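Same chain, two partners: subunit A is paired with subunit B first, then with subunit C.
Let's look at the complex of A and B:
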């Protein structure tokens, strides 16, 4: 029998991981909801930002918070760049072409990273203590990541809820044509959305580099998980994605302790497949 | 105020409007009536910039607007209440109205415009926190009109405001549009409900299979012949 304290620790770790996953899922979902395109290479943008933080902090000795801020800015720039260079020219074409184009970006970024930085795993060595709460050992890095993720999501919520541009982003995801009749240039709304989505990737990168090492195939590890969370929550549904992040991270984390890390992922994927049969529109998605 | 000259427009290989010329003067209310598929919606879409005409020109207050995108046209003072209302169903009534005031100039006068719209449609004020999708059809149409007024337009384009509404609601809605008119807005309305709309407007055009067939003062056109033609296109 497993010591209940390990289970509790796993549950808390799952919660902490869920916060960072939610950032990724919300970023991807925001872009999908507004522009109607799934950025296959989304987590690969995170990977590029993680390298940026790694080099700034580990090689050039910048403080981690400053590296994080640069990562957010870089993410936003990458988001705008992806939209202008890849999405914008093919906006009107068939969805499969758009998927292929962002899929192509994924391979480009992976190869680009391998070519420049080799396949070495690199991590930022910031010594952060482990804290003990009631017999559970929790990593301070994860606690910080969780807290920052929650704050950023609160900021995103307030932005989407209370600003003109944020409300327009929600409106465009419901009716693209009508928003142009209100005087909003759709191109500007798309660019702001891409920048915000990219910035979220940048935040996630700064938080992930505290816990994981970065390598060119980082996107392959977290990308599929992010897509599954978005689909599980109902593509385009922000609240659904938020909840699904925590469901998936708990399954992975608790499954990992009860069986093994690999089994944790297997269970999560099986759970996902079963859920998609049971609710094809996602847990909060509209029924077809 | 608004002048269309020899407008031809359509979708892909299909031509919906042929050589249409039409004028609306400041302060006027004008209707375009005609049977289903006559090109009425296409006409409004050309004016608001949702589609570009293939030929012809469009000017508003002397400024050429031919082929300009929708977000520029609305900034010139033309608000379009589109077919099927196109409100944002998941946003609250208040947020829908806020989006109507998206233009920088409209944001500055937001509070004042909101008061004016709530004065016209008190039910929107009562339901401001409700999701727009939960409103009744008539209330949704009021919201669509109110949202358009939030941009402080000079000309309001109304596409089939009575569509899908119960007969009682249709009468109420026409009453409300009459009040909007009395506020000083210039109106171009497209309708299938010919009898009602002729009581509302000064002039009307008959559009049939993409061609303008008749034009005249509303009271003169309220004769049997025009109404019959508008309904059945004969």
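Let's look at the complex of A and C:
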């Protein structure tokens, strides 16, 4: 029998991981909702930003918050770059080609990172305390990550609700054709969306490097999970993605403690497949 | 296609003669590359059976891995010959295909969603292989137990020429199946389903039955390809035979070649393998990752500039020189 305290600790850790996963899922979801293309290489952009934070903080001795800010800027730049170089030429192509073009980017980023930085696992060593609450040991890094993730999501919500561009972005994800008729410039909206999505990847990178070491295959480890969260929440549905992040992270965290890390993921993925059959429009979606 | 037969005969004769061409020390290497092209073209062809009708699977690694691991484990632990092991593997793969395809079809999971469901299935198989490390060797993979010398029972041969001819037969079989399907009524039915499911159902096409049928056929052929590859390399690994990486590689090769043409998967596979080999020879081990970097970059460029695939584009150019001069239709 497993000590209930371990289960409680796993549950809290799952909750904390869920915050960061939600950030990733929202970024990917925003891009999908507006541009209607799944960026298979989205988490690989996170990987590149993690390397940036690693080098700035660990090698050049910058403070972590400054490294984080640079990571956000780099993420936004990468987002714009990916959109201009890869996405805009194929906006009208068959969906499979769109998927594969970003898949090619995945191969490119993964192997370019291997070429530049080898497959070594690198981590930023920031000494953050572990706090004990009722026999559970919680890492301070995870608490910070969780808090920052929630704040950024709140910021995203306010941006989408209360600015002109944010309103335009929401309008596009609701009706592509009508938006152009209303006089919003689709190219600007696409660019801003890509930049915001990239910036969210940068934030996630700065938070993830506190808990995980970075290596070229980081994207392959977290990528599939991120797509599944988006689909589980309903592609383009922000609230759904938010809830789905916590469901998936809890399943993985508790399954990992009860069985093994791999089995935690297996249960989460099987749960995903079953949910797709049961609720194809996502957990909050209505049956078609 | 009246001029086709002699051309096919000449090509076949050339391929049959390759192992006897004097190539000095290069023979083993050339045969090795060709065997890989035959096996992966066969697998790519199997994928395109579904892909061309809009069932874009991103999880064919599941079928590949299930086939290869079932056969290898049965041989290593129970000494069951791969010939019988392959039957068990094919039965299991068919079962998995039905388990995936039936609900997907019943609940109309198509497009992006179908891709992501299959991707999840592929990852589940890969993670299960890693989790059961006591049996499967986990991430380290598993070596097929040597039978000690050439053995037809164990399907192990020291001479690459045996595998070359076996691969050639497999490849030709794959093309034959593709052709048979292409000329059957099932093709029209599947095309109708790919265009509009509701309309197809309304003219009396049994949508679920056709979808399950094509998925099972594609999965079973993929498993056979996986078994063939495992027997040839004599080593299985969860990352090279299951999961998202290998699944994407299959899709890439096929889309690069063109998935609507008989030889599209073959052309795409041959090009990607040749490209990978050239880059590997040029860069060797000094620049680890450089070959793959260029590979990824070229894939992006090809997909942006040749959306209907290399073979598909060239064939369209040759067939309709006048139509090609006019703006191409998407």
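Here is the rule we use: the second predicted complex is superposed on the first by the 287 of 288 C-alpha atoms of A that agree within 3 Å, B and C clash if a C-alpha of one lies under 4 Å from a C-alpha of the other, contacts with A are read in each partner's own complex, and residues count from 1 in each chain.
Assume contacts are C-beta pairs under 8 Å (C-beta built on N, C-alpha and C of every residue); 3 or more make two chains touch, one makes a residue touch a chain.
A quick note: this is a predicted structure, and the numbers were derived from the prediction, not measured.
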Touching partner for A:108 - first (subunit B), second (subunit C), both, neither: second
Subunit B versus subunit C as contact partner of A:177, first or second or both or neither: first
First, second, both or neither for A:276, with subunit B first and subunit C second: second
Which superposed partner A:72 touches (first subunit B, second subunit C, both, neither): neither
Partner chain(s) touched by A:235 [first = subunit B, second = subunit C, both, neither]: second
Partner chain in contact with A:205 - subunit B first, subunit C second, else both or neither: neither
Contacts of A:100 with subunit B and subunit C, given as first, second, both or neither: second
Residue ranges of subunit A in contact with subunit B within the complex: 164, 167-168, 170-171, 174-175, 177-186
In the complex with subunit C, residue positions of subunit A that touch it: 38, 86, 89-90, 92-97, 99-101, 103-116, 118, 216, 220, 223-224, 227-228, 231, 235, 260, 262-263, 265-266, 269-270, 272-273, 276-277, 280, 288
Subunit B to subunit A touching residues, read off their complex: 48-50, 69-71, 74-75, 79-80, 82, 86-91, 95, 98-100, 102-103, 106-107, 147-148, 151
Subunit A-touching residues of subunit C, taken from the complex the two chains share: 51, 56, 58, 103-104, 106-109, 111-113, 115-117, 119-121, 123-124, 127-128, 130-131, 244-245, 248, 251-252, 255, 287-293, 295-297, 299-300, 303-304, 307, 330
